[in-house]
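Two complexes, one shared chain (chain A), two partners (chain B, chain C).
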Partner chain A sequence: MSYTKRNDGRKFDEPRKMEAKIGVIPRADGSAMFKIGDTIAIAAVYGPRELHPKFLQNPEKGILRCNYDMTSFSVPERKKPGPSRRGTEISLVIEKSLLPVLDLNQFPNAVVDVFIEIIQANAGTRCAGITAASMALAHAGVPMRNLVSAVSVGKVGDKIVIDLDKSEEDYEEGATDIPVAMNGDHEITLLQLDGEISKDELLKALELARKGCAEIDKVQRDTLKEFYRGIKDE
Partner chain B sequence: MNNDYIKSLVEKGKRIDGRNLDEFRKIIIETNISKNAAGSARCKIGQTEVIVGVKFDVGEPYPDSPDEGTIIVIAELIPVASPDFELGPPSPKATELARIVDRGIRESKCIDFKKLCIKEGEKIWMAFIDIYPLNDDGNLIDASVLASLKALSEAKFPKIVNDKVEHESKTNNGLKLNKLPVTTTLYKISGNILVDVNNKEEQVVDSRLSVSVADGNIHALQKGGDVALSIDDISKMIDIAMKKEKELAKFLK
Partner chain C sequence: MGKIFFKEKDLVVPGDVLAEGMDYLPSGGCIRENDKIIANHLGLVSQENRFVRVISLAGKYIPKVGDTVIGYVADMSFNGWFLDINGPYEAALMVKDVAEFIDKDADLAQFYNFGDLVIAKVAKVTRYSNINLTTKGPGLRKITGGKVLSITSTKVPRVIGKQGSMVQMLKEKTNCNIMVGQNGLVWIEGKSSEDELNATEAILKIEYESHIDGLTDKMKEFLEDKNELHKKK
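And then the complex of A and B:
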């Protein structure tokens, strides 16, 4: 059960190559693209805007609504367009992953909508979506205490690895996939797991996630800074 | 932006972004924007952006065309692209968009549907053409047609091994487009005819006509909007669409 070498030659603690861009959807109030390996996510933020129907409004503070979706052609076998049980669950956990860093007290009765679309999928799509959404929220100017960064970690064969690709998720001798999101204080806002793992291994994987999220946080910050520097120069 | 201002400019033959009434914004086409698609393309017209992916799956032919495959065009107006798009089942606008694209391809016979036959009477390819606007800054129809034609021309069939489609391995065989049925949508604002309206201009459009043209022949028409058009209007609109055919088709070559 020894997984000695990663298919794409990465070290076990090395995430795939990352790329980020702000302002990819001009019509949105905030938007971003995040690419990690062959996985591409875009996120668009609309709001704070008035929430309809009215009975959903919270007079105390604004609410966050997230929707995660994949294009039909983003995966090898065509995904039927429209909602799915998987998408609904992922939308929910994404919402919970972002909410802890947001301050929506100034926006009673309003909603902030976050729409995530996966353009190309090669594992880690919900994490890429969260990372993109966090940048899009910052771009929209929604008050945030921190950014949220996300990456999947896990066990492939006998190895603890970061940022599993599709071939690793499908590793025939078994793989455990653990999507993790963290706020800038290394606290966990998303945690899911599918597979089989010991507690010690899990803690080791979370330590890897902490390092990976710090790396992603830097990419997010650098991208946002670069974007605003560009605007200042114009 | 004030709607009356847009109209008063158009009456003088001018537009808010300085273009001529019959002038498209900058068009950019890219291919292979999503690796898992059999073929994919992005079309940007100004700030309007549409991505299209083609996927193949095996199906059974219709009894009246046992040696022909089929295309299925679907447009998803995802809320990413505009504050006006909502989650939920396809809106009439999405269905209309998909059907305009569908008819341009189908009626021009730009692809040979017999090439989509695997075994007569039993097995055919279904080509799914899925359209996703990413940013709606007006004129989604023309952008969707360009992106769809490009994605279709790029598409490669997957391998079939032991009667099973292997979506992860592509062959080198694709569909040839023997013509390019591009669509120009003409928009009427304050008695004037425009092409390629942006989102702000779209708010004051009285009516529109989408004209699909290949090799100087009309293959599909769709009149939209709330105001009637005269035969004279339609004649003028078709003249412009005929002139625009070459200009648009060159982006697909």
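And then the complex of A and C:
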């Protein structure tokens, strides 16, 4: 059966409505919220600060430590709080997707901690998490070459679509979901894929992701500038 | 000739291209990537001859030799203290760098104890992670009395003002003794708690509105209004 119309009436290349906010956690060095459709992620950044235990320190440059978790009320069925197999894996891939843009050479033996909490989930949580974390890092003043934005693309039925929601992820036997993260220059820093997709379709999907990421990148930049400009104009 | 993509004092975000061509040089807050200069901090951009610079609006305090800082004693060892100075690393204050004479087997806690606030100077920095402080010098000592408040270290130049104009004005108008540490801790000591409160309010206002031009005049007005209000009472 072919997938002719998206459940929420979006076009196939149209991401959900986005909203972003800076400084949502006052005690953190940097923080941000990113909302895409019904998915809401908040990120807090602490550091650079000295890393303990000491054996984890790298005397050549600072390290990045990410922690991704979903609040217990973020999903329809209660999620047991705390680290899980899935959470640990996602923390690791988020860390690797953010590291290429960070410049931590001037902070030996230090750590930058990033905590990502999903307070409402409707698919695409790791992408929302990466987007929020990238803004929080900029807000914390960590030197970084570029921002990172992320979006999921995939194949639902026979169509290539951007920014799948939960109903699309579960469509028939399950869709092919591809989370993609890119920096501002459209260089890919994260690409995960499970499911089936042909080479041509994958290239088409990546092209779609590039467009989506550019859109998210613009939201990120505008939000960061707006945050400081708001103070300026008062 | 290279191209420049910003106006003076523009707000830039990491990844923004500031200039193109080899005619311009990055000098803080930005980096060169191939023939482009890219911002790697969130901040205000400015240009001086061939140098492009981003003044960061956020971030931890990076110690520089000669800075006067305020720190609190976070740890102690047999030959000195470790001070939290709001930066990525704790700074060491060795017994030999202290102004007081300290006997060989004296109890170090008698001089500076845990939680004590100390005005000190950065004496030596090796690749950021090893910071040595000293209290040898005029005005460097343990803080007694008054209050300390914390602001973002990147806003410190605005609180001090050009040649100290802002802090001088604050001292006059609030009758407080004010010491601004480069790391963002500010010590205020006044004759009454009301004076201290006025100074605190003013400094927090400066931090919040730090990008505005002509801030010293604005703050002067603000404090004069306050003083007048006080007289009426």
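Assorted remarks:
In this text, the second predicted complex is superposed on the first by the 230 of 234 C-alpha atoms of A that agree within 3 Å, B and C clash if a C-alpha of one lies under 4 Å from a C-alpha of the other, contacts with A are read in each partner's own complex, and residues count from 1 in each chain.
Following the convention adopted for this analysis, a residue touches a chain if its C-beta (ideal position, glycine included) is under 8 Å from a C-beta of that chain, and two chains touch if they have at least 3 such contacts.
The model shown is predicted, which means the values in this text are computed figures rather than measured ones.
In the overlay built on the shared chain, the residue A:N109 is in contact with chain C alone; chain B does not reach it.
Contacts of A:R49 after superposition: both chain B and chain C are touched. With both structures placed on the common chain, the touch criterion links A:D69 to chain B but leaves chain C unconnected. In the superposed pair of complexes, A:K155 makes contact with neither chain B nor chain C.
Applying the stated contact rule after C-alpha superposition, one finds that A:P81 touches chain B and leaves chain C untouched.
When the two structures are aligned on the shared chain, A:R126 is found in touch with neither chain B nor chain C.
By the touch criterion stated above, A:H139 is placed in contact with chain C alone, chain B being left untouched.
In the superposition on chain A, contact of A:R10 is made with neither chain B nor chain C. Comparing the two complexes, residues 49 of chain A contact chain B in one case and chain C in the other.
Interface residues of chain B facing chain A in the complex, by the touch rule stated above, are 33-38, 40, 47, 51, 53-55, 57, 74, 76, 78-83, 87, 89, 128, 130, 132, 134-137, 167-168, 199.
Interface residues of chain A, counted against chain B in their complex, comprise 24-28, 38, 40, 42-44, 46, 49, 67, 69, 71-78, 81-83, 113, 115, 117, 119-122.
Residues of chain C touching chain A in their complex: 11, 13-16, 31, 33, 38, 40-42, 56-60, 62, 88-90, 127-129, 154, 208-209, 211-212.
Here chain A touches chain C in the complex through residues 29-30, 47-50, 101, 103, 106-110, 138-147, 183-185, 220-221, 224-225, 228-229, 231-232, 234, going by the rule given at the top.
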